[in-house]
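Next up, some structures in structure tokens.
Presented sequentially are two complexes of chain A, the first with chain B as partner and the second with chain C.
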Partner chain A sequence: MKVKEKKIIKKKLEEIGKSVVEQAKNHKVPYLRIPSRTTNNIVFDPKSLCYVIGNKTIMRSAGNIRHVKPMAQMLKVASFCKDLVEEELKHETKRGLYYISESWGEKLKFDEQPESDNIIEDIEAMIGEPRENFHIIPNPGGAVYGDLTLKFKNPSGKMMKINCLQTADGQTIGPRMSEAEIVECNAKRVIAIETSGMYNRFMEENAHKKFNAILVNLEGQATRATRRLIKRLNEIKKLPVYIFTDGDPWGLHIAMVIMAGSAKSAHINKMLATPSAKWIGVTATDIKKYKLRSDKLKDVDLKRIKELKKDPRYRSDKRLLEELKTWEEIKKKAEQQALLKYGLRYVVDEYFPAKLKEMEKK
Partner chain B sequence: MKKEDKAKTAKDMALEQRAISVAEFFEKNRHLLGFDNPSKALLTVVKEAVDNSLDACEEANILPEIEVEIKELEENRYKITVEDNGPGILRDQIPRIFAKLLYGSKFHRLRQSRGQQGIGISASVLYAQLTTGHPAIIYSKPNKNGKVHVFHLKIDILKNEPEILKEDLIESGIKHPTGTKISIIIEGKYIQRYHSPYEYIKQTAIVNPWAHIKYKSPTGEVFDFPRAVNKLSKRPKEIKPHPYGVELGILIRMLKSTKSRNISAFLQNEFSRVGANSAEEICRLAGIDLTRKPQSLTHEEQEKLLKAMQRVKLMRPPTDCLSPIGEELLREGLSKEINAEFITTITRDPSVYRGIPFQIEAGIAYGGELKKNEETGEQAKLMRFANKIPLLYDPSGCAITKAVSSIRWRRYGLEQSGNALPRGPVIILVHIASAWVPYTSESKEAIANYPEIIKEIKLAVQECARRMLMYIRKQTRVKRETQRLSIFENYIPLIIENAKELAGIKTKIDIQPIIEKVVKKDLVAHESKGKENN
Partner chain C sequence: MKVKEKKIIKKKLEEIGKSVVEQAKNHKVPYLRIPSRTTNNIVFDPKSLCYVIGNKTIMRSAGNIRHVKPMAQMLKVASFCKDLVEEELKHETKRGLYYISESWGEKLKFDEQPESDNIIEDIEAMIGEPRENFHIIPNPGGAVYGDLTLKFKNPSGKMMKINCLQTADGQTIGPRMSEAEIVECNAKRVIAIETSGMYNRFMEENAHKKFNAILVNLEGQATRATRRLIKRLNEIKKLPVYIFTDGDPWGLHIAMVIMAGSAKSAHINKMLATPSAKWIGVTATDIKKYKLRSDKLKDVDLKRIKELKKDPRYRSDKRLLEELKTWEEIKKKAEQQALLKYGLRYVVDEYFPAKLKEMEKK
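Moving on to the complex of A and B:
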């Protein structure tokens, strides 16, 4: 992270403490206003095409018996994070923070992890920054492969450069990778793939060269680090993003979270979502068209489709809504690897170029 | 035809029929007097002797000093010795008091005392005689400067007359200036826990806080139940029967033995609350001439008279025949024997059942040492008393249990399942004082179910329960307030400290005004919320 950003984050954290001190100086009972993260304050923003947090706030007051402890804990956590930010190289996970609180004494320690998780999310919402920025990092997950050169400080603080082609299985995306400086990127697009199997197929078939692309392995639901890197490639390098998932409502929703963010992270979706990303497939139409080997949709799958049809993120996209309806018609789902019935190269040589052409036309 | 098979003639039968002596009757019906099993028998002997001692001391206006000793002589054979500092008994009276059933001063009068029929102690003597063959040994010193009379007594069962095996006059044998000591050897069984002599003496000590009792158990332990107050409870007065409480048999007997010349005088002299006007009205209602000789009434007229006596409007009987323990003394008694955190007692105004005055007293002890049972959710302990005697047996047949169980204890902050006693760290005490306690049997274990009595018990216990609830509520409120206060006191400094740390500011901030503000506000908010909930 750049020094300038570090200063901004530090200041934002300090502001929380200052407001409390100011109130206390004037003998006022101090309180904090925190954007509400309850469902009735999460709204779909048609402009940015993602879930964002509304205007409602909640008050956490030192005069409320139920608030007074979490308020003290929140200030302690913020203070702890400020120190992490200042130290620059130190990061901790949510779980780690929960255990660290043991050392804060009986009064401040967290009894259960959801309590500390909740406070971290409150701080995210208050200062409008994802927790990575105040050094509470998510678990790594997913990988990136392609001609992309990144610059970062390694855990010991040494400046390093890495080209993602010079890796064995692609570069794992952790918190340092997701915020690494993009030094060089000659690719034209990002292809994000749901399963490791298909990701491997694309690497071995040299898809990165063929499509001049950066390949990303999502490993199922994308982690925050992965979503963050995808967003930065899209935003900074203006690369269009294509998402390739299994042919079922769950795969489609993996794509949707990358595009529009999740409700749970509404307060920071602006940092994570890539609204311009496009879902390639496997679509319901593909299942019919390519006569893919398929399984019957189960009750849970059909129920999920019904839910998604009501979701504003889908309601604002005619194409996706149509695909959901098609699934309901054909009542079939297929995995990405069903395309292998046409041979190893087919997916890269035939299927994907055709789909890409179709998408880029639009 | 053989003689045995021949139908009996009235003459044959008459030869077989004879009067059964009272003593003989009780020999065959010992359970009626509380001697149904060896452990109960042991307790009954202690109880009768202690009751007599307490009655005697109080009548003579002496603060009681009582020593009880139970000694195991051999397996299932115990020697019970009870000594008091009472007025002693005159030489001539000793044999009849201890060795003649139904002899006593208490049966023929209406005044509150522990014993009422004159059976208890002589029944104990009889029981000893039947189970071990040993006579009872009585020591008595009626004069400060006199000698000690010693009697070895048995009962002539057929005649119900004392049988003196030995009589002596000795120099010492009684510790106090005056007093009585009785020593009885019986077959019995010593048990601990609820029906133990210890429990009996402890409960006795609670309702007789003016008594000092020492107890030496068969295991050699010595327990001292100290005197809490140097004042006896109010002495009861003797009263005449009230017309409402008289039964036909008694009325007939009274009519026959009265010295009054006419009915009007009879009614006024022999009964309480009957004046010239009332007497006239009774006679008018009964259709009997005022001037008739009491002995001259026909059976029909006797019945009419009784009915009229019970129909006429009369004042309630006088209640100075009652001797309640008193709220103060009862509280003293409870607090000296029970280490509870809250004790409350109440003495109700006297009331009347069947023309007989009675008075209910109740007490509740809550918390403290009783709380150790809380986890097990044990039932509250109910201590029942009648005329200052603990009732240890037959709780389920007793009006006191019935009345206490019928209270809805949840209203008073205690758990209760169905119509049982409540659960919780509580002792409930109920005392009925009466000139004539309506026991369900001669063994004096349970009170009969008179609606008037049940109602009074409920009112008394409910009042105590209400006070207990107020105490519990106040305790929990205080506890909650302190808890809330300590939360604020703990966390507000942490909020300020961490906010300063976070902001990187080192100014000194006075936290006290903030805490005060918060606590005051919180209290108001919390109370108004509480009111809404109510």
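Moving on to the complex of A and C:
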């Protein structure tokens, strides 16, 4: 994070406390106004193509005996996070924060982790920043490989530059990686891949050169850190993003969360989602076209397809709706590695170029 | 892998096919002799402190109609893997191999993945090499951070050297990382950590400098690639290994699998296990001593403890048996992050040095 950004975050966190102090000084009963994150304040925004938070707010007032404790806890958490931002090199997880609260005394400590998690999300919504920016970090996960040079302070605080080809199996995407400064990027696109097996295939077949791409290993559902890095490559370097998953509703939804975020994270989707990202496949149509070895869709898969068909994120995308219907017709799912029946190189030599051409026409 | 090792592996794979050809030439009905991997041939070896495979073998004979298909499949898989080793840069996963078999025609293709998995394990047992060595790779997972310089060919085949401090969040441990040549290692020990949160704490508190250590993020149960890297650091560089997990029977067993392998992998435990590795904690005793925030042990936890008490890997270790009993007494479990109640630095400044001293006395 740059010095300027750091100052802004610190100030936003301080403001929470300051407003309470101000009110008390003016002999008013202090309160905090927090954007409501309940379902009736989450709306689908057809412009940004993701769930966003509405205008409703809730009030937490020192005049309400039931509000006093969570209000004090929120101030304490904001203050703790301000210190983390100030120290610059220190980060903690949500679970770590929960345990740390034990040292805050009986009145402030959290009894259960959902309480502290909830306050962290409230702060995210209040200051409009993902928690990574106030150093409450998600687990690392996923990896990146390609001609991308990043600059960052490593965990020991040493400033360094790395190129993401300088690695045996990819660079882990954690809190420092996802926010690293992009010094140089010679790639023209990002290819995000669901499974480690297919990611390895792409690396070994030199897909990063062939497609002039940054390869990202999602390792299943993308972590926040990975989604953030993808978004930044898209936003800062204007790279189109292509997502390659297994051919089932779960794989498609992995792509959807990268594209449009989730309802639960409506208050920060703008910072995490990449609306222009495109799902390459394996589509239901591909299963037929490429005669892939497939399994029968189970009841739980079919139920999921029904849910997705009602979801506004899918209803605004004709192509995806069609694919959901095709699945219901063929009642089959296939894994991305099923393409290996045509040989190790086929997926990079034939399948992907054909799909890319198709997507770029649209 | 070095050229010499590569040649040996290739030869071992070739021998499988050659022996069949030889027998046929001599007008004998060809057969293959394969070490038996059934439970009655898995024994606990008190010397190496891990499960190993006994002397029983099974025979697969071309004279038995039920053996013909799996025998032919084994020859095909061995031949395919020989090609992978020859190509040097190509690796596939077990799942990938299953799908690849579709191109081998109706007579050779696998109907279900367990069939091909089984044949890969048979080959491991026959030639005494973990499948990584014949390029059937496990998923990557885990990460490493510390003053360790490794040399390897990256997925594009470019020879390179990296230092494992040259990274934002750690280097992913995948197939190339786990077998990389150790060029320089200035550390005196390895510290393997169960959770990403605590691993991050250790990196940020400069534990690698303080303890002169290589830090490894296990991300829960260690992957084979991670176990292999740990073993190699222990074997080649004589580094003692310390494992730091959550304070529950599951955490302890994460350590045990690193130390003694699993029964399922008895035929290759010698290549994966690090018998001299030591479990640091969080022990049951620590939960009492450090007054950690804890949860009640659930029925499933208590059941697990009972199982572990009967397991020969635990029965040969007085200290671990004592800890299992202590858990049964206190009926509580604690996560490693519970130590954060004493502040961010405590775990690295106080807890770990005390534990290390205790372990080094033993």
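Descriptive notes on the structure:
We adopt the following convention: the second predicted complex is superposed on the first by the 362 of 362 C-alpha atoms of A that agree within 3 Å, B and C clash if a C-alpha of one lies under 4 Å from a C-alpha of the other, contacts with A are read in each partner's own complex, and residues count from 1 in each chain.
FYI, a contact is a pair of C-beta atoms (placed from the backbone, for glycine too) under 8 Å apart; a residue touches a chain by one contact, two chains touch by 3 or more.
Nothing here was measured: the structure is a model prediction, and the numbers come from that model.
When the two structures are aligned on the shared chain, A:75 is found in touch with chain B, with no touch to chain C. In the superposition on chain A, no contact is made by A:54 with either chain B or chain C. Between chain B and chain C, more residues of chain A are touched by C.
When the two complexes are overlaid on their common chain A, residue A:145 makes contact with chain C while staying clear of chain B. When the two complexes are overlaid on their common chain A, residue A:166 makes contact with chain C while staying clear of chain B. Contacts of A:14 after superposition on the shared chain: chain B is touched, whereas chain C is not. By the document's definition of touching, neither partner reaches A:312: not chain B, not chain C.
Shared interface residues of chain A, touching chain B in one complex and chain C in the other, do not exist. Within the complex formed with chain A, the chain B residues making contact are 484, 487-488, 490-492, 494-496, 498-505, 507, 509-511, 513-514, 517-518, 521-522.
Remark: chain A residues 13-14, 16-18, 20-21, 24-25, 27-30, 62-63, 65, 68-69, 71-72, 75-76, 78-79, 82, 107-108 touch chain B in the complex. Those residues of chain C that touch chain A in the shared complex are 89-93, 95-96, 99-100, 102-103, 137, 139-140, 143, 145, 150, 152, 154-156, 158, 160, 162, 165-177, 180, 196-197, 200-201, 203-204, 206, 208-209, 217, 219, 293, 335, 337-344.
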